[in-house]
Every structure is written in C-alpha cells, then in structure tokens.
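Here it is, the structure, as structure tokens.
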Amino acid sequence: MSNASYRFRESERTLMQRLFEAPAVGKMSPVAKIVAYSLLAVWSVFVLFPIYWVIITSFKDAAAVNQGPFYIPFVDFHPTLDAWRTQFTEDSFCTVGAIGRQLWLLVYNSFVFVVSPVVSLDPMEPQICKIYLAFTNSVVISIFSTAVCVIVGSMAAYALARIQYAPRFGNIMMFVLLLVGVIFATTYAGIPWWASSSVALAFFFFLVRALRGYFKMHLRNGDILFWIISQRILPPIVVVIPLYVMFQAVGLLDTHLALILLYAVANMPIVVWLMYDFFSNLPIELEESAQLDGATRPYIFWDIVLPLTRPGLAATTLLILVLSWNEYLFAVFLATVKVQTMPIMVAAKNAGEKGVFWWEMCAVIVVMIIPVIVMAILLTRFISKGVLLGAVKG
Amino acid sequence: MPTDTTISQPGAIPAGVSRRERLAEWVDRNSGTFFIAPAVTLILIFAIFPTIYSIFFALSRVRFTSDGLQFRFVGLRNFSKQFFGSSEVHFLGRTDPVSLFGYACFAAVVIAVLYWWIRSFRTSTWVGMLGRTISAAMAIFLSWILCASLLSGNSIGTLYTTLFYVIIGCGIQFVIGTGLAFLCSQPISGKNFFRVIFFIPLMITPLGVGYAMRMVADVTKGPFEPLLQAIGLSDWVWSADAWSARFMMMVSDSWQWIPFIFICMLAALENIPRDHVEAAQVDGASSVQIFREITWPQVLPVAVSVLLIRMIEAFKIVDLPNIMTGGGPGSATESMTLHSMYIWRANDFGQSAAIAYLLLLLTVVTCASFFNYVVMGQIRKARA
Amino acid sequence: MAEYGHKASVRFENVEKSFGDVKVLRDFDLEVEPGEFVVLLGASGSGKTTALRILSGLEQPSAGSVHIDERNVTEILPKYRDISMVFQSYALYPHKTVAENIGFPLRVRGMEKAEIDAATLDSARQVQLESLLERYPRELSGGQRQRVALARAIIRRPSVFLMDEPLSNLDAKLRGHMRAQLKHMQKSLGTTTIYVTHDQIEAMTLAHRVAILERGILQQLATPAEIYNDPANLFVAQFIGSPPMNVIHGKLDGQDFVTNGVRVQTTASGQIEDGVMGVRPEDCSLATPSEGTLTCKIYTNELIGDHALVTVEWGDDQISVKAPKDFTGEQGDEVGVHIPRNHIFVFDRADGRRVR
C-alpha cells in the first residue's frame, strides 16, 4: 500500500506552503486555524463576559460593587449570598409552599370567576413574596400562552397547508367597514360597544347572505398565510394603547388571561410560519390513506400529523416559550400590579430611592436566565439538525 | 349530500346512521373552519381590531374623565404636529439650516430614485407601479430628512434614531453574524460548544441585556474602569454624548441579535450539499473562490430572508434604550416605540397613537419594499 | 361495516375532471362487475391516478357521477365509501409499528382492542408478516412494506380495493413474486379490485379486463386477449405488445393496402388515403427475398436469447421481425418479410380508428 507518491511529501513543501496551504481536503492550514480559533475565542469572551459579570455581581455586597471593579470571587472580593438571601427570604411568604398556594389560588379564583354569575364565592387573597409571585406569574403565563399559541397556531397552519379556503374578498371588506363603523359609534357617538357590535354582527351575516354571489373575487390559502405571518410586522406599541382601553372596558386589565392571549397572538405568526413548512413537507398520502380508512380530520391531525412533526413542534414550542418568558412591552402596559412578570420585576429594581441595588437585580436576572440557557442548549440541537431552516428558505 | 341515506346498502355505509356519527360527520365536513377559526378570531380581536381602533385614537384628542375616555375628533392634527408643529424636532430632528452638501446629496438621491421609478414603468403592472410609487415617495421623504438633519450637521430625531438602529445595526449584525457562521462551518473542533455559546445571548431577556450592558459599560464601577483610566479617559461618560450613547445601544443590540443571524446562517451553510464544495476542492479552488462561487450564491436566499426578519424585529426596539439611557441624553437614543411610550406616560393618548401609526407605516413600507425588491428577487432567482 | 367479503360493483358515469384549464379526464365511463379485477393501464400522466382518487373520494369530479353498488357516492365522504387503497408509496405511518399500521383502519372505527389484535394477526398471516408485527416500517424491506400496505388494505374487508402502482417500487424479481401473490389473494377474497399500472405485463397477467387510458380518454375496455388480438385503435395497438407493433404507412384501396407501390392483401376493406397498416413482430416471419410479402434490407440483427429480433427497412418505416435464434442475416442483406393476411390491422391515420 503506497499512495505516498500522489501526495506532497511533508519535507518537500516550502515553509509558506506548510503555513498557508491546507494539508488535505477538509482540513485547515495552520495559519487559518490560528486566526479562526482566536476569532472564536474573542467572540466567546465578548458573549460570556457580560453574563459572567451579572453572575458574580449577584454574589457581591454593596461595598464590592461600589468600591470599583472586582473581577474574581475569592481572589479580589469575598462572595456573599446576601443579595440572594434578601430576595428570596424577604418575608415569611417566601417559601415553596407559597408558590404552591399561589398556583392553587389561580385555579380557585378562575373557578370563582367562572361561577360568579351563579354563585358568589370569596376569592382567595394572595400570600406570597414579590419575587416568587413574579416567578409564578411568568411561569404560568408563558406556559399557558405557549400552549394556546402552539395549539391554535399549528391547527391553523395545518389547515392552511391541507384544506383549500376561498373567503370572498367582498365579505372581508364588508367586515372591515362594519368594524370601522362599530368603533366610530362607540368612540364618538357613545353607543355601548356590545350594542353596536351585535348590531354590526347581525348586519354582517345578513349582508353576507343577501350579497352572496355578487363578489366573485376571493382569497387563496397563500394570501391567508401571508396575512397571518405579516402580523409580525405590526409593532406592539400600535396595538397596546387600544388594548389597554379594551381590557379596561371588559375588566381584563392586570389579569393572567389578558397576557396569555396577547402573547399567544403576538407569537402566532411565528408558529404558523414554522409549522406550515413542516406540515406541507409531510407526504400527503399518509393523510389520504387515513382518510380512506375512516379517520376524521381532527383524528388525523392528532394521531398522524402531530407525531410526525414532533421535532419541529418541540423546537417551535421552545422558541415561543422563550419569547413569552422575555416579553416586556405588553407586560409593562397591561400588567400593573397583580400579574407582574419577571421582566417587570427586574425593571422595578431600577427604581429604588437609594440608587440601584445592582446585586439584587443581578440575582433576579440570573433567576430569569437560567431556564432560558437550558432551553437555548436544547434549541441549538434542533437548529443544527436543520429543523427550523425550511421556513427561512422561502 | 347523498339523497338516499335511509336505504341501507350493504356496500358503502350510508352516512350518519346514528346521532353520534352524524355529529362526527358534521364536525369532519366543517373541520376546515374549526381548524382555522380560533387563530383568525384571536388575530382579529387582538391585532386587527386594536390596529383599526388605534386610528381613532390618532385622530382624536383623548381625555380621561370620570365616566371613561372622552374622544374629540381633531383630524390629522396629531400627525401634523410631528412634522410641522411642536414635536418636529423631537421626531424628525433639527432640519433648519440645510447645508449645500445636504442639498447636493438630496438632489443626487432624488435623481437616482426618479430614474429607478421611471425605468420601472416599462416592466411593471399598475399594482407594481403603485407599490413602487409609494416606495419612491418614502425614499425621497426619508432622504430629505437625512440630508436636512444629519448631513447638514443638525441633530436627528427619533425617526432617524430608529432607522439608525435598523439599518446600521442590522448591517453590522449581519456581517458579523455571517462571518461567525462561516467560521463555525469550517472544519474546526468544538463546533457544538461554540454553537451553544454564541446562541445564548438571543435567549436572554432584552431587559437583562440592557442592565448587564449598563453595568459592564459603567465608567466608574464597571470592569473597564482601570482600562479607561490607563488611556486617560477617566472623565469620559459614554451616556453623555449622543453618538457614543447610540453606539453603545447598537453594541448591546448586536450582542443580543448577532446570534440570530449566526444560527440561521450556520444552518444554511451546513445544509449546502457537501459534494458541491468537495467537487470544487478537488478541482483546486481556493477557499475564497469556493465561498464566492458556491457557498454564497446558495445561502443568499436564506440570508435575505433572515435579514428581513431581523429588520422587522429591529423596528420594535424599545427595552434597551429604555433601560440603558432612558432615551437620553436628551432624546438621542429614543426609538419611536420609546417615544410613543413616553408620550403615553404623559397621558397624551392621541399623539402616542399617531407616533405608533407612523412607526407602523415606516415598518410596513420599508419591509414590504425590502421583501418585494430584494427577497422576492432572490427567491425567484433561486427557483429559476 | 359491510358484510364479510361483500363484492361491490363500480360505475363511472361521464366523469370529467379538470385542474384549471387542463382536462385530465374526459367523458370517462367505466363499469366494473362485482368481484372483477380491472386494470387501468396508460402512459404517465394519462389520468389513471386521478380516476382512482375520484372513486375514492379524495378528489371531486368536475362533472359526472360515481356509483358503488348502484348508489351514487359522488358527494359522499371517502370513509363512507367502504374502499381501501394501496398507495404507490405505501403510505405507512412511520411512527407506528407494523401491527399498529395494519390495525389502524379498525382502530379509527373504535373497535375493541382484542378484536383488532385478532384481525391484525389474521391479515398479517395472509401476507406472511406475522413475525414482523413489532417492527417499524423503516426496519422493513421494500417488499415487506408493500405487504404491510396490503394487509392494512384487506383487514377491513372493504367492498372495493384500489391499488395505485403498488409494485412499481420493487425490483423485477420481487415484482413477479408479489404479482402472483396479489392475483392469488384477489381470487381467494373475491373483492372487486381496480388496479393502476403502466406496466403492460402486470396488466395482462392480473386483469380480468384491462382499461386503456390515454390523455384522459378511455380507449378500450376488454379482456387482455381481446386487447391484444383485437385492438380498438392505433393507440391501443401500439401500446400493447413488446416490441411494439410495426406500423407501415400507405393507403387502403378496397381490400388491398398499398405501400411503396406494393399491394398487400388485408381483411379490412375501405378507401383510405392516409392509412396505417399494423402487424406484430411475432406474426411476421423472414423468407428469401423473392418469397416474402415485402422485400427489404436488414437494418440490424439482435440476438435476444430464445429468438433474434431483426429490424428491416421498408421505405421510411422500420419493421421488426421475430426470427429464429439461428438466423444469420447481416446488416445490408436483402430478405423477404412474410406478413400473414389475417394478422394485419388497418387504421385510419387521421384519428387512429381501426378499419375493419
């Protein structure tokens, strides 16, 4: 076995060749290697240093923060757990039991709210310290909004991938015109919103019946898909002011439900966009075969389609979970007291009278980013498998 | 519908023999509606309705009274205030003494845009022409503001601060993110480690990023304080100067968003069929040639889509300036969302909605133009 | 569920189907007797799959109606038609085991678990799969996957089987084996079967009757022997047979077909200016130059195995002849081609119509 004659012998290469030429296909030259690794190292430091700084700051006390920069725990400052302790043992309600009680409270109070037209029960009063409350709120809101978003969004994505729709253009225009009418009536004429909207709704169905067949032009699935995805362009600030007023009108301001639904809608375009791609890449014969065998659409969706898109579904869910965990703008407008989420909690630490307690804030930030880093590691798995790439290809 | 459902045939089973089955069949036949209705309803209620409602805010003077909100119709006054009235400097920047250089630049841009616009008459349909007219009008307006403010040596307003974050920020993030992705797609060891590390900032709440950056960049207690002292900048405060504050904002934004570009581009690079690159390597192409001739054309469609997504999100920037500088110094780092938010805090709902609407307009026209002229062009090329 | 082993009849009535401007099926009429095995044969894109999908309810016809057992099912959902279908790609659910795949049609109908298990085992046994029940489809070979698809189709005892090129993904040897198994199974179950293929050997060996489709138009529906011996038009004549039927251009003058000045006697009669004479290679034979019906030059001589295929030139046409394997003519030699009178088919070239 001698194929050495086909290669440059190492000793025959000049110094420059040895430095700058890759020794084999699929390898890098020494110089390129050095450059690449040092760039990667520099960037790693750039990425990790702020995180490191936040973490060590959370173990500093006031003196260690205020008396100039200290870099390495145990070497140039003495780490303490003070910041953590004051946060997590603030008062007697800072226990795991309080979180459990708070979760039960949410269930119970929703029940009380649902039965309130029939029986009037007293809702439970919260007994929990601030950070635990924020944590519970964040967990509950992000999990539920992710669930709503992924379920509703993937149902829509599946339907758009597989069922042909043809809503008439005229009906949509009619709907929008009536909507403008309703808003006009409530805004400037002072008619209650429920009255004007029910009249408009009745009018809408009447018109749809009466004018059936007049407007021939209709939208196709691609248009609907584009419409849903393009909702992501909408800056949240545009909708948040009217939403504030709307929620106030129906008593949903500062409730979990409001944030859950809002986050779900804000992230819906992403779910529809990603899941549409997964669904339309499934072989359609599987579904047709199941259809012939007697399965209904919902059954097919649940039993065949969803299991087959599991990796995509998992990746999408993780992404949405992170997005709702981090959301700030809606929360700052719409969650004033009861449903403060973690981001609001962090921002509130900024507003102390005696200056910012950086160490305490850092402890809260660390609590916020730990779950997220775990999810990031999981997500990179999926992305490196190319799971999420298809959608971007256009 | 079958006409003879009552006659029981041995072959095909008649539909809906029992009540349960009839219900199941009805659900099945209408499943299309059931599948899409929740999503459409939610979007209508929480996105479309508020968007339309927002117009009414923007056209009114809104006041809190004892029995709720009071709307008084004021026409376009909330908007005109941003362009000609009291808020002009805040929104557009100072546009008063226009320098000769500013006029010259503006003339050049106008000529270029008009040339593009007139040339497209030949190829475009009337719908396409309408779109191009809107894009051209927006481009001319924006370039006028740019020439009159920044290029004439005046200060810029929140409009251009936002555009600065979007255009310069996205551009830098795109270049660095793609570069890192390219590095990571090379045969290096520890790829997965770097992939995870580089991805993490994207997942961290923008708020946390803001505070972390504020601490790291702190000139008196931050980690770089000894360094600043050593190079004689101990008195320098980045947050006191408009451009250095904007620059810091951009660095923080990049810290967060480069991972997004990185991860998408890396996936795209790794999905290029291996044999294309290998064939070129066997043919003796250098790595620069391989990148230019093979890799880049294949990832370009993904690249422009990723850039579009990044742009859409960049227009919404609010947390970072809010946390790091509170919009200051003055209103130098205020994005349009933050601008609107501050006015909302001052209880001027009408003006706040008007600015939000202007942001919507800006976002939609810019993104739609980018989508139509760049992304669609790439996709069409890739398909052809 | 239908009674065990019910045999249904199937009827297409003036079915039309168009996708946008493209007419895929035109005036499609087809009647299938209870228990019959009908093969739809046609070139790629001729509308075979579309016909099957219309029958199964996955596609709505643009016009016309479909009947199963004299019952109009055009508007009825697929699941009420009591049909099962084997797809070309088998459509096995990758996340379910073989047993779950086979039992799926019963499970969606909400049958008891014990019943499903028994039925699964029973139908797996029919296709010799009982040892593989716990595997996943990706752990099976192509032939085994195909059998899983079959087992899933028969477990419900439907009144009609539809199969869309079920054997086209298999290698030649396995295809022969599966063909035999399919034929055996259809015979023993006796279920009405409609089978789509573009392989004429499959069509000839399996079918009771063959329906030939071209550009959405049914060309002929007849037994394999009839199709072969008595093609209805030029398309069918050329489509069936391998190597394909020879065509010689000329005109029909009374009973004689005139080509390049030579008159050949036929059984047809008529007066056609632009005609085609067709004769199968296996019906021709070689003779000395002076004895044959036509005298031609040899173009090539290929030894196939049990025979030699000799191609000769006749004017602008080429004629293939199956010759004995010891035929030794060389390229350029003159030979006579003998064409027996009663094996000649004459067609009108304008519309491909057979002239009798």
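Letters A, B and C mark the chains as written, and numbering starts fresh at 1 in each.
Criterion: a residue touches a chain if its C-beta (ideal position, glycine included) is under 8 Å from a C-beta of that chain, and two chains touch if they have at least 3 such contacts.
Bear in mind the structure is a predicted one, so any value in this text is a computation, not a measurement.
Contacts between chains leave no pair untouched here, as each chain touches all the others.
Among the remaining chains, C is positioned farthest from subunit A, on the basis of C-alpha centroids. Per-chain Cα centroids separate subunit A from subunit B by 17 Å. Rounded to whole angstrom units, the spacing between the C-alpha centres of subunit B and subunit C is 58.
Multi-chain contact residues of subunit C (touching two or more other chains): 81. Multi-chain contact residues of subunit A (touching two or more other chains) are listed as 296.
In subunit B, the residues touching two or more other chains are 28. Listed in rising order, the residues of subunit C touching subunit B in the complex are 1-3, 6, 8, 68-69, 71-73, 75-77, 80-82, 159.
On the side of subunit B, the complex with subunit C involves touching residues 1-4, 9-15, 25, 28-29.
Contact residues of subunit B toward subunit A in the complex are 24, 27-28, 31-32, 34-36, 38-40, 42-43, 46-54, 56-57, 60, 68-69, 71, 73, 180, 183-184, 186-188, 192, 194-209, 211-213, 215-216, 220-226, 255, 259, 263-264, 266-268, 270-271, 278, 281-282, 287, 301-302, 305-306, 309, 312, 315-316, 318-319, 323, 336-337, 340-341, 344, 349, 352-353, 356-357, 359-360, 363-364, 367, 375, 378-379, 382. Put simply, subunit A touches subunit B in their complex at residues 25-28, 32-33, 36-37, 39-40, 43-44, 46-51, 53-54, 57, 65-66, 68-69, 71, 152-153, 155-156, 158-160, 163, 165, 176, 179-180, 183-184, 187-188, 224, 228, 231-243, 245-246, 249, 261-262, 264-265, 268, 272, 296-298, 301, 322, 325-326, 328-329, 333, 342-343, 346-347, 350, 358, 361-362, 365, 368-369, 372-373, 375-377, 379-380, 383-384, 386, 388-389, 392-394.
Put simply, subunit C touches subunit A in their complex at residues 56-58, 78-79, 81, 83-85, 87-89, 91, 93-95, 104-105, 108-109, 152, 156.
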